[in-house]
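Labels A, B, C and D are assigned to the chains in the order they are written; within every chain, residues are numbered from 1.
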């Protein structure tokens, strides 16, 4: 039966998160000092609190000790968290999603035995994935051509007795500085191309020979041009130098962590759910301000021009959320969705939501006048973070070309 | 119809381009990456530019300035902003008040202030209108609510005026040596009829700078609170009549908008030029599938849009610069400013879309332009500033 | 439970309509001669066929002999019909919706006895409503002010024995030329303002003193300016001149036909569902053409530029349909929706969908080059009809202001 | 920099405005409401306009024409289109081929055709490129597929060429007296190197008009198929070298785009002006809640956008007209044409949004503008035409 009604459990979950965000997260996240510092690390104590509420492990199955949240629930929760702080929400969403994939799907019984209890018990136990399953942004060059973007695996693994010896560097891995367990995609044959000799190895933090380095605020490329790392939450480079890992840490039969569904744009729209939450934060701040700011003798919310802006934002968020939720539902019900239309909703969500929320953040900032560009206010950060979403994952242009291939029925596999 | 430049105009353009490339561009990212908003300003670049004439460009020749026309001013703004729009704005902000002094100040005031301004390479100026609770109402005063708008109060005591109140978001606040202040001298009527303008030097007793604002864009360009606690301003520093408000002299050559519209539009043009240059350079070298990005249709379409909007803006900017010189009165400067806001947003966003890389890499220069562009939204393109020109067009339409 | 899955019955219904539209409607609708003639009347034989399939009466409750379709099902069906022909679809949708409101909700037992069997039996029995329940486009003038736009009722009814005598003219009533029964909003006191003395009277076609006049292609206003009537399907002016109707034909207790929900933008998004169907027609035609048109040695669907256009259209339709379906679901489940957000989804759908589909129709026409502006092709008609939707119902600007009032919690009642 | 007009330019503008107001506007809706696409054309208005010089405006003075410069041409186009862009286009379409004749034809050809053209008020011209299976490929020939593009074939037989094939969507098809035809004279190579151009009078044996296209916009302006069945064209009517393609003479003054880019942009400007005028007139009289619509903020914001875009377009159009006159070679004319497509769509749609009424009422004039505007999409703003200029800018960028 068609229904937009969340289950009672989902609603409760959402309301609890909303309450937590309002009480605990927002006051910290929007403190002027923190905003100006642009520190990517979120206050550990609040991450711990979130963990205690089950938000770090909520996608893990109930059988293993999690809440067994499906994709839709994960998106609902991610949106609420992101209303509080986007980096905080992204960190939790990543750990939770990886927890489900690793412990419920990818690990052997023995591996679970080794790592699960720590994951469950330690509120600071975060997860990271160093690898490139989801096709790297192919820049559209192979639109409607059978050529595939080859996955380049920068870390090699060679056997040495019962161990693998890892060498190489991942330039940027989300969650890396916080992660206590990192799933690393390696190649066992540096000359083989693509996924042919790929494997995934679990590397606990603190393993000798593995080092994590957070990016400098400014980096310089080979041509001497400065660049920044745009990301939400924390991340850093991971370098392996003769890093020994027991062969028993290899995930059996896996060459990539996310499935083909994600690569073809039919995976989880969790990232876009975070983006909707970001848009909501901007929206709600604009409404609050428009109620109290007086111009022309009236609160500006009573001006047509400002009302229209708020409506424009509301419509963008409503259409964005519907699309994200549909994509999430489709990820949870692959058979039913395939029967429906089979369109790559995740790619559609990427293209639509990132553009819509960026516009929403700009419109919201406009309501604040000059204050909307001051770094001790949240508004410029909303605008920046929404632009990071436009850039992240894959470009909007590439996402649209993937949608176009699906329309034409073109497949690369 | 003639889009060509005179030799003098071309000379200003070339001089500005050289200064921008050789002096401004190398320090642009360095200055803007400084975290403390009090420290992004650099007196060295101001002094260097000042010696080349970029601070005093607009002072009339009879008062010892360069007397550059508006077309030259537009060209210089675009060229400076091509390297860094916040530094460009730090220069052109002074032209605005040079125009004001020469159009509405008395000869005594001109003598006292223009002389200092011309002599001192570190003499920069600003004007204070906005207050914490009065932004849009100053731009579009609501006829039904005469008390809305700024509150800074000035009361006459003998030969002096005593100022109390505060202004915020004031350009060159923290570094300026002279500020023009709009103050209420009749609190019982609207700002259109109860306002007097004063010239307030930075060392005026009772006047100080408050908070230095920490902007996400235009970081070089200073912006601060001005605080007045029984500040004493001699009546000799009053500009125009008491309650004479912001009326301009009869020799106002700017079409009534004191040049700010042209200024924002011309600076936006420089930013767009910069975005186009950068993006083109990038897509001509970045490779995908064994070919440069220029081979991708989606890249071509984005480039087309960037250049198309930029050239449309250039056409509009040069036209309004000429309108200023020709003393044509129209709403075009305001419309061009509104248009520049839409354009700079689109063009810098397209620049970001083209100039990102894998693993979250983003060109620092493209990132800066996108942040600078947001500044335009409230300065030149919010709904108040769009309705203002619409209302004037409606009123003028027969 | 949240679900985007239509019920098996809804899917069957939809598939049957889709099949009918492909076989019977499209070949007639898109015949070059018909397109060029711009005749608003759709071939009666096919309207009859549609009626025989139950499409004229499908919103009527099963108890009374209809299919009991809810708002969502009505929207699903309306979209499919509109893929075939927008005027045809609009005519059926109106009759079906009015059938439900009149027979299921508004009529007395005696009135049903009088009219229901004819409605059920006669495949050419259409319905019309002459009235103005849904607030006329208020042009935003009363945004955030308590002032209400007064309903002006142009037809008066005076008592004469057991009859009412009607006088006055409705300038334009949709379905009027086809309608065999017309519900007419009248005022029993010409001096009273608003709905105070309003009543609704059922007037069968052929009643003496009532005449229907279809609009001339071009009309002229009081200032001598030419204007057109923009509408879908058929419509016309209805004039009453001493038209006698039994007082028994008055709908008991009704002053307007649609409820307060519609006026506040929380009613049925049926019109926007038709619009989504129009967009789909444009979209599907563009895909078909892009597959066969060769440029640069390849079908143009394989060009990034054209693929991107198709993806842009697909994303607009996907987001539009989701919003329409959510609004429909909300109309069917008012309590659940109110608990959710209470936003005026119908107004949101109006503002968003009409804009999105107009853009989609223009993008689709672009794929056809010069052919996209030729009147013997469907494309310019898609563009025109989408612009009619932008104009119809209420303006987009007014719709946004209604959304803004809801955001602020402002109510006029 | 000078946006003012010369006396001659102003005179052309005024003359065009008068003709547009007094003669074109009164018949505009009447002609376009005629259903049969063969009958919308009106020889009377063509003759009247011709006598005033609007048909032969662009013929050089030395050949007996008016020799109006491009700025004047742009002004006249905008003025005529302010009343009806399809009628305006029916005139300016001839200028295009006047330019072509004067730049690439031999003196003999000039004598034969320009003389007739100047004498006969009903002598209109057109050019045939597009064919049923060749549109975009003519505009942006794919290097890998030399056989794509038009197919009209010409084979030499003695002093004549035998033409076979057909063209479609050809302007002035059905009314024209002379057509320029691109034909393949070497079918084994791409159109860039295997094409020859011919002048084909309407009475050429074997040449006839086919279907008259029934357009949704620009209805006055004729558009038809041209059919060639062993049509015999004397070699004396060959333009330029065999397989010489569409190369222009050295005296091409149009920046390489044969004036079509300026033409579309200038006509779009006239349409936008018309939309602004109409909308303003309407909202100044239409009432809501006891006040005119001009009091609504949402109306002010739409008006601002209409005027802002229109003035941006005017600036761009006048600049490229000057560039044509000054023989400046840039991609600006193409970009201006692309820009005019976006602008005309936005402005006419806003016009429709402002000019509707209750009960589905829509101003017939606003409805016409929205339909006319769609024509621009494929003529000046589809993705092929955007990528074309992007590629040229990429190629020119150092």
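Here is the rule we use: contacts are C-beta pairs under 8 Å (C-beta built on N, C-alpha and C of every residue); 3 or more make two chains touch, one makes a residue touch a chain.
Because the structure is a prediction, the values reported are computed rather than measured.
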At the largest C-alpha centroid distance from chain A we find chain D
Between C-D and B-C, more C-beta pairs in contact link C-D
Please report how many Å separate the Cα centroid of chain B from that of chain D, as a whole number. 41
The distance between the C-alpha centres of chain A and chain D, rounded to whole Å, is 51
Which residues of chain D are in contact with two or more other chains? 296-298, 301, 383, 387
For chain A, give me the residues that contact two or more of the other chains. 140, 303-305, 308, 397, 400-401
Complex contacts: residues of chain D adjacent to chain B: 1-6, 9, 71, 280, 283-284, 294, 297, 300-301, 303-305, 307-309, 311-313, 315-316, 318-319, 321-323, 325-326, 331-332, 335-336, 338-339, 383, 386-387, 389-391, 393-394, 397
Counting only contacts in the complex, chain B reaches chain C at residues 296-298, 301
Mind listing the chain C positions that touch chain B in their complex? 303-305, 308
In the complex with chain C, residue positions of chain A that touch it: 1-7, 10, 72, 140, 143-144, 287, 291, 298, 301-302, 304, 307-308, 310-312, 314-315, 318-319, 322-323, 325-326, 329-330, 333, 336-337, 340, 343, 345, 348, 351-352, 397, 400-401, 403-405, 407-408
Help me check something: in the complex, which residues belonging to chain C touch chain D? 36, 136-142, 147, 149, 171-172, 217-218, 221, 225-231, 235, 294-297, 300, 303, 305-306, 309, 358, 362, 365-366, 368-370, 372-376, 380, 383-384, 387-388, 390-392, 395-397, 400-401
